[in-house]
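This is the structure, below, for whatever I ask next.
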Amino acid sequence: MDPREIRGLLEQVKQGRLTVDQGLDRLKHLPYEDMGFVKIDHHRHLRKGFAEVVYCAGKTVEQVQKIMEALAKTSSNIMGTRATQEMYQAVLEVIPDAEYHSLARLITVRRGEQTTVGNILVACAGTSDLPVAEEAALTAEMMGGKVDRLYDAGVAGIHRLLMNRDKLDAAKVVIVVAGMEGALASVVGGLVDKPVIAVPTSVGYGASFNGLAALLAMLNTCSSGVTVVNIDNGFGAGYAAALINRIGE
Amino acid sequence: MDPREIRGLLEQVKQGRLTVDQGLDRLKHLPYEDMGFVKIDHHRHLRKGFAEVVYCAGKTVEQVQKIMEALAKTSSNIMGTRATQEMYQAVLEVIPDAEYHSLARLITVRRGEQTTVGNILVACAGTSDLPVAEEAALTAEMMGGKVDRLYDAGVAGIHRLLMNRDKLDAAKVVIVVAGMEGALASVVGGLVDKPVIAVPTSVGYGASFNGLAALLAMLNTCSSGVTVVNIDNGFGAGYAAALINRIGE
Amino acid sequence: MDPREIRGLLEQVKQGRLTVDQGLDRLKHLPYEDMGFVKIDHHRHLRKGFAEVVYCAGKTVEQVQKIMEALAKTSSNIMGTRATQEMYQAVLEVIPDAEYHSLARLITVRRGEQTTVGNILVACAGTSDLPVAEEAALTAEMMGGKVDRLYDAGVAGIHRLLMNRDKLDAAKVVIVVAGMEGALASVVGGLVDKPVIAVPTSVGYGASFNGLAALLAMLNTCSSGVTVVNIDNGFGAGYAAALINRIGE
Amino acid sequence: MDPREIRGLLEQVKQGRLTVDQGLDRLKHLPYEDMGFVKIDHHRHLRKGFAEVVYCAGKTVEQVQKIMEALAKTSSNIMGTRATQEMYQAVLEVIPDAEYHSLARLITVRRGEQTTVGNILVACAGTSDLPVAEEAALTAEMMGGKVDRLYDAGVAGIHRLLMNRDKLDAAKVVIVVAGMEGALASVVGGLVDKPVIAVPTSVGYGASFNGLAALLAMLNTCSSGVTVVNIDNGFGAGYAAALINRIGE
Amino acid sequence: MDPREIRGLLEQVKQGRLTVDQGLDRLKHLPYEDMGFVKIDHHRHLRKGFAEVVYCAGKTVEQVQKIMEALAKTSSNIMGTRATQEMYQAVLEVIPDAEYHSLARLITVRRGEQTTVGNILVACAGTSDLPVAEEAALTAEMMGGKVDRLYDAGVAGIHRLLMNRDKLDAAKVVIVVAGMEGALASVVGGLVDKPVIAVPTSVGYGASFNGLAALLAMLNTCSSGVTVVNIDNGFGAGYAAALINRIGE
Amino acid sequence: MDPREIRGLLEQVKQGRLTVDQGLDRLKHLPYEDMGFVKIDHHRHLRKGFAEVVYCAGKTVEQVQKIMEALAKTSSNIMGTRATQEMYQAVLEVIPDAEYHSLARLITVRRGEQTTVGNILVACAGTSDLPVAEEAALTAEMMGGKVDRLYDAGVAGIHRLLMNRDKLDAAKVVIVVAGMEGALASVVGGLVDKPVIAVPTSVGYGASFNGLAALLAMLNTCSSGVTVVNIDNGFGAGYAAALINRIGE
Amino acid sequence: MDPREIRGLLEQVKQGRLTVDQGLDRLKHLPYEDMGFVKIDHHRHLRKGFAEVVYCAGKTVEQVQKIMEALAKTSSNIMGTRATQEMYQAVLEVIPDAEYHSLARLITVRRGEQTTVGNILVACAGTSDLPVAEEAALTAEMMGGKVDRLYDAGVAGIHRLLMNRDKLDAAKVVIVVAGMEGALASVVGGLVDKPVIAVPTSVGYGASFNGLAALLAMLNTCSSGVTVVNIDNGFGAGYAAALINRIGE
Amino acid sequence: MDPREIRGLLEQVKQGRLTVDQGLDRLKHLPYEDMGFVKIDHHRHLRKGFAEVVYCAGKTVEQVQKIMEALAKTSSNIMGTRATQEMYQAVLEVIPDAEYHSLARLITVRRGEQTTVGNILVACAGTSDLPVAEEAALTAEMMGGKVDRLYDAGVAGIHRLLMNRDKLDAAKVVIVVAGMEGALASVVGGLVDKPVIAVPTSVGYGASFNGLAALLAMLNTCSSGVTVVNIDNGFGAGYAAALINRIGE
């Protein structure tokens, strides 16, 4: 609660420039305005290049179309995650400059010139992890981050990772995407001295139990500095990495 | 692999200032020195105020004593996690300036003047979460972070959290420690626009399944920007937060 | 077992108005009539506005059609849960005044004038939780409860909930429907001093394990007064809330 | 936010009876006072006979002693759950009228005359479930509920339950405590038309998995009107039942 | 190993009626002939009215057709479990007297006159459990058991069960089929003093976890004399019941 | 409900030998007497050599002492399962002829001459399974069954089992007790054509998860005729086997 | 790092036959060449008859086509696992001599003459396990192993296994493929004194939990010498067996 | 079944050197002698340096003492796993040359000169994994294998592993022991072209779930040639490795 705002209001009431009813009206909404962090965050987001995000899964095509249309009126950057091609077609009708990233299942709308900052490295273990890795990378880019990619660097051929230590060294924050046993997070975590965000994927079969094996492995990593997001949650990793990446910029 | 170092070595061999055998000797170890990230990291750590860490659980008292004694000779800051009082007594014999933090089960040795930077907020839900919260806070401090604490702010009385929004606003990165249903991470994640590291604790009973409930809740948070570490892993959260916290300092 | 009924019967036998065989016949069925709580409950339900309920999942279209047709002859209010559009079409052939609520997957038949009592608030976290929330709300209405709705009030934007404290205050019992980490139940439970029935939904992915995360979170809530029903069990929550809601009416 | 209160304040500022600074001061704290539900709830609780509750598990003996001593100064009814005999002895030093219920592991302080209302039936399946059942019963009593007990009425000898249908009929809300397969909740739920709160206990062995079997069974009950709390959570059931029980009193 | 057979052989060798080589040859295969229990069991089965069983799931239509055709040449009773309509059509081409039971997903071939003995009661909780109950009942019948059925007798309306105590009393062995919380097994187990075989079904949703809840409940039953088979394993229950049922016949 | 009893009562009322009040009194309790299966079962049990059973785990020493003392007055055979040595000492004070079986943790009281019938084979896989195997064997004996034992016959040395086929052949029902992977149940089930009751034990470590591995294995047996009881539930297996064993005797 | 190579290089620099820049260039890549185990392994594989393997699941048809086309240019033996018929058609367009094994879902390309060595026995429990067994067998063959098959030898009819002890005796390493309770691995492990690789399959239903039951059983085997691979991982078993099989050849 | 032995016996019967009864007697036991693979294996084991093994966990001190005493009379090498110090003292009384390895919890008796063959590398991730690693190493040595150790080579500092590639290269089979996330197995599996046996340990906390995380990770390894044993099963890994190691020796 900003004291100056309230003081000003009280001064106006005292001076009769606001009636008691007008003052009441504004104060009634004040706590929510005061607490209205969403709007404030929203503004800050826009200023800093952060986009509005719609989680499309579990929504109808029409719902997605309407929500994105509404957002497109006030936001310069919009993003829809877990969107289908059909949803995209519907959105395209109302937002002609919407783009679709089929691998990452993202709808994005980017307006105005984009400057990306920092350096987020997205590393992934295998080709099958690409959809999640791309969701993370594109999210981070939409959130204003400069993103570098290091794909297909699984631990079964660890030289592929070691040969790219310069990419690891250059990053400000690293996202590691891996399914199966998820060991890449530990290996990367042991090689760098910067925050690592690990994303387990549901890639695997049998006792991977849809990503549980990778999730548990990443949570139990013996490497320091590694934190974990939900299985297949590329968006969550990209968003968190973007928050870290913009620090100091 | 630093080309300048190798070039210098080759020049010396060419000029005869190093014999082939001497060059061979140094090159033989070079890949490991080159890849010797631990040592390099170690130096960087010392420079940046990061301490050497010993995970004491599953080690004998003597092992802990010997390892910490050895580290104390070369490192200015040392830390032993999950240490017992008995381990501390043994360490105290060989490192008279070692300190013990019984709540956090940490042995610390801090030498030279300490300057802490940034602002890490450690919030926890209830009194029973304190050991984990303190492990996180002290770890972050040992790693050079300035730490603020906001304890006993569980969602059952959400005003305790809302009354302290200034602490949330002031932080560069927030650690949320919570057991039971772990909802605090989501609520904090919804209130701030900075990285949140969530630590599920094993506080709870019955269907908490030793922290599984809180862990799953935190992984499934609907708030963006939240990442998760292992159950009761205060050290991991403190370390990751310290990595983030020093960015831009 | 109603002593007066039996005494009357015995008197009739004693006075010869009933033969021993007639008395035997009636007594033979008495325990079941006595225990015939379903019929008695049924009558009480009808009196109190409670409907007969058919769980349609796992039944054939014909079975649903026949059961509902039979019920429609004796009951004024009927409800079919987890019903498909196809089931509804079949029911419509035999009960022309049947209605279908596609979101909640409910078939309802309401006859006679409806008076709803009390005040049941159904709050839900996100748009994807709507089917379960609507199943709860419609069930509670069919059971004679006055229902208020507070949708899309997830903890990621907690001001949406706090702005509606009047709805929380006005309720006699609150149903909280949430997927993902299910934190809304704890936050609501901390804000009110009335019974809260929490419904975990299967909304989420990865480590939500089809609603397990929300279920465990709700069972481990640190807020008092919260009880839990099965994952996606909107009907169960609506029914239990209606039982509570009619107390004192 | 109560508009009348704010209007009054604004009038006072307008009329000069409050300076702008005084108004600012009061408004600054208003949101929290307004949102200060804990205190308000607290008062309401005291008025209605509800006690302050301390969860003792995971707290030191000294912490429990200090917290209860502080509460005893302002509250007439206090309760400590999961308390040990040792905690009780410490509390007894500072609160001479504290009582200990060893079976239920509760410390209680009851002051002033107690009037209990309504009718809460606590039914349990076997002798081993008694600690949890008693925790529920005593909690409900501390919260102002009149409690009836029906113990050792497991489904292996269902006549024990059927012989006590009068107790079921007389209750306003029923708590069912059962371990092993937890079937009692379903059977009771099928016999009554009032809210049933089921408490799974960790009684059992092998594939009971510390109460998981009973928990899952209760969540999957085919009887309507049953809601569930955490394993062994007698307190939670007693509290929720007391909330329901006081409706209409 | 039958000593008389071996003695005879040795006598023949001693008397020169068998050469050493012939003796060796026969002894070489003896252990397997001796251990050739399958054939022997097979004969015993046929004598006792037991059928040959083919588990069709995971087999191709052609495999099922060929196996059943082969069996039909030597066995009078054949049964295929988990068979599809398509499999049945293929079998029908080669075994014109094959029958299909679509609810139970069984193909049966019954030849010669059937006499069924004993008394196996198959009780089930709800309509959705019928496929499993019928698989159990038909299996038991194919194995020579007389089967009685008591369907839709779930514990939510326990009078339906109590009204049929004569069926329970008349049975030699009882099969209880139930999904959801599986409480029927415990209630029946408490009412009878004969073997009860419990079959959990995958009927239910949410925290039933595809029958896990019912399975755990049945394994943890507080009633004596109850044993359990795999989820949805009507065949297994019918087979085991038939083995018990024929004792003493 | 026995019609003859009621007819007699009605006749007596008709003839004035019972007043209406007397008739009422008796009929009031009739349903429970009628349903009083426990007493009736109890009598039948005594007649057939079945003992009263007390589950001692979770009971205090005094409770066990009192319950067994009371039972000893009316029952000739009593059994206490999961009893400690200390419980036995207390029981011995009041029942001097009580016996203790320390391996099986059973207290037994056997009075009058014992005739055991049938043939129950208890087979177990390894030495560590003996406590559970003995609990099963002694229970079956207390219930009037003749018991044969085949111990240490695990599948790692399958000849130990095959060498004892005569024991398998002689049995009327077989109990198989096994921990670790529980494969013995399947192998025995494949060798015999009689009911097999499988008891998983918690013997094992690591991924045995306290008997879960053996339990799942036994539930998934490919051998027909195998049913399963709870982990370590020797009593349950012995009881069910005794029920089967007495058929036809 | 081969000292001779580096010494040679240094000599050349010393002698001026390599400039410092040339030396630097070669040394820069040396660690990776030195560590270039994949290429080296690759060569060794080709020499020893080992094929290149593409895991096709989760890849697009085009990706599979392109990868296999590229491999076919440098490798004489190629294999694609978990390949669909559609993938095979695409591969066939670019590699006319590619073969498809529909049961095992393998695409193979074998060039040059094949000599297989050793003796790998692949045993499986039932017909439904064939796809996994064939994947194992064909993999082992592609890797240069001579493979013998012993199919449909489940423990429910253990004589089928015992009758084939000669196959077990002849093998150098045995692969056991089994679903349901997975007991075959323990029985085989008890019969042989050679390495046994157990492959749990997802064959089964209910509490098999998609192969978990068999997996746990195999991990808990009481037979020595048994190791386990992931559920349905025929490839992994075949590969590991081939590594063992070639020892000593 | 050894034809020569039987032929000899038949010859003796034919020639009257054995009576028919004597022949019968010997043949009666022959199938078991024939099938007496344990004894035969035993001989082969002794010849090849393999020891007899007693699993001591779950056995009494006396049982262990007696079994080992009996074995010591006929076997030159004996081993007791999971043995306590107390067991060792008891064994020492009867076998004065018994040795105890406290870290590995093994009692060993080695007689005659030992020649070890092959090359088994036991690698482990951290100090806490040592007990399991030593159990594996000592088992392999007792089974006649030459063992090399590479301890404390976890992936958090992967250079420690890479610096020891010569050890990896020299091994015939590698055992990898690791807790926490178990990533070491995958990294080693990617570096070598020989069989790798992975042993997950219960080292870790929280979501390691007593080794489940490492177990699942190892089962889901993306590296070929890795097989897995039970959690903490150092013995199983050592035994399997020894079987592989002796191939070709």
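Going in written order, the chains are labelled A, B, C, D, E, F, G and H, and every chain counts its residues from 1.
Everything that follows uses one rule, which is that a contact is a pair of C-beta atoms (placed from the backbone, for glycine too) under 8 Å apart; a residue touches a chain by one contact, two chains touch by 3 or more.
Bear in mind the structure is a predicted one, so any value in this text is a computation, not a measurement.
Taken together, chain B and chain F share the touching chains C, D, G, H.
With steps allowed only between chains in touch, the distance from chain D over to chain G comes to 2. Across the assembly, the mean Cα position most removed from that of chain B is the one of E. Listed options A-H, G-H or A-G contain a single repeat of the C-E interface, assigned here to A-G, on the basis that more than half of the contact pairs agree by residue number. The chain pair A-G and the chain pair A-D differ in C-beta contact count, and the higher one is A-D.
Computed from the mean C-alpha positions, the centre of chain D lies at a distance of 56 Å from the centre of chain H.
For the pair chain E and chain F, the distance between C-alpha centroids works out to 24 Å. If you average the CA atoms of chain B and of chain G, the two centres end up 41 Å from each other. Counting only residues that touch two or more partner chains, chain A has 31, 35, 37, 157, 162, 190-191, 206-208, 212, 215, 219-220, 224, 230-231. This structure has the following touching chain pairs: A-B, A-C, A-D, A-G, A-H, B-C, B-D, B-G, B-H, C-D, C-E, C-F, D-E, D-F, E-F, E-G, E-H, F-G, F-H, G-H.
If you check the complex, the residues on chain G that touch chain H are 35, 37, 41, 44-45, 53, 162, 172, 191, 193-195, 197, 215, 219-220, 224-231, 235-237, 239-240, 243-244, 247-249. Of all residues in chain A, those touching chain G in their complex are 127-128, 157, 159, 162-163, 203, 205-208.
Chain F makes touch with chain D in their complex at residues 31-32, 35-38, 57-59, 63, 200, 202, 210-212, 215, 230-233. Chain H makes touch with chain A in their complex at residues 125-126, 154-158, 180-183, 185-187, 189-191, 204, 206-209, 212-214, 216-224.
Put simply, chain E touches chain H in their complex at residues 1, 3, 6-7, 10-11, 13-14, 16, 20, 23-24, 27-28, 30-31, 34.
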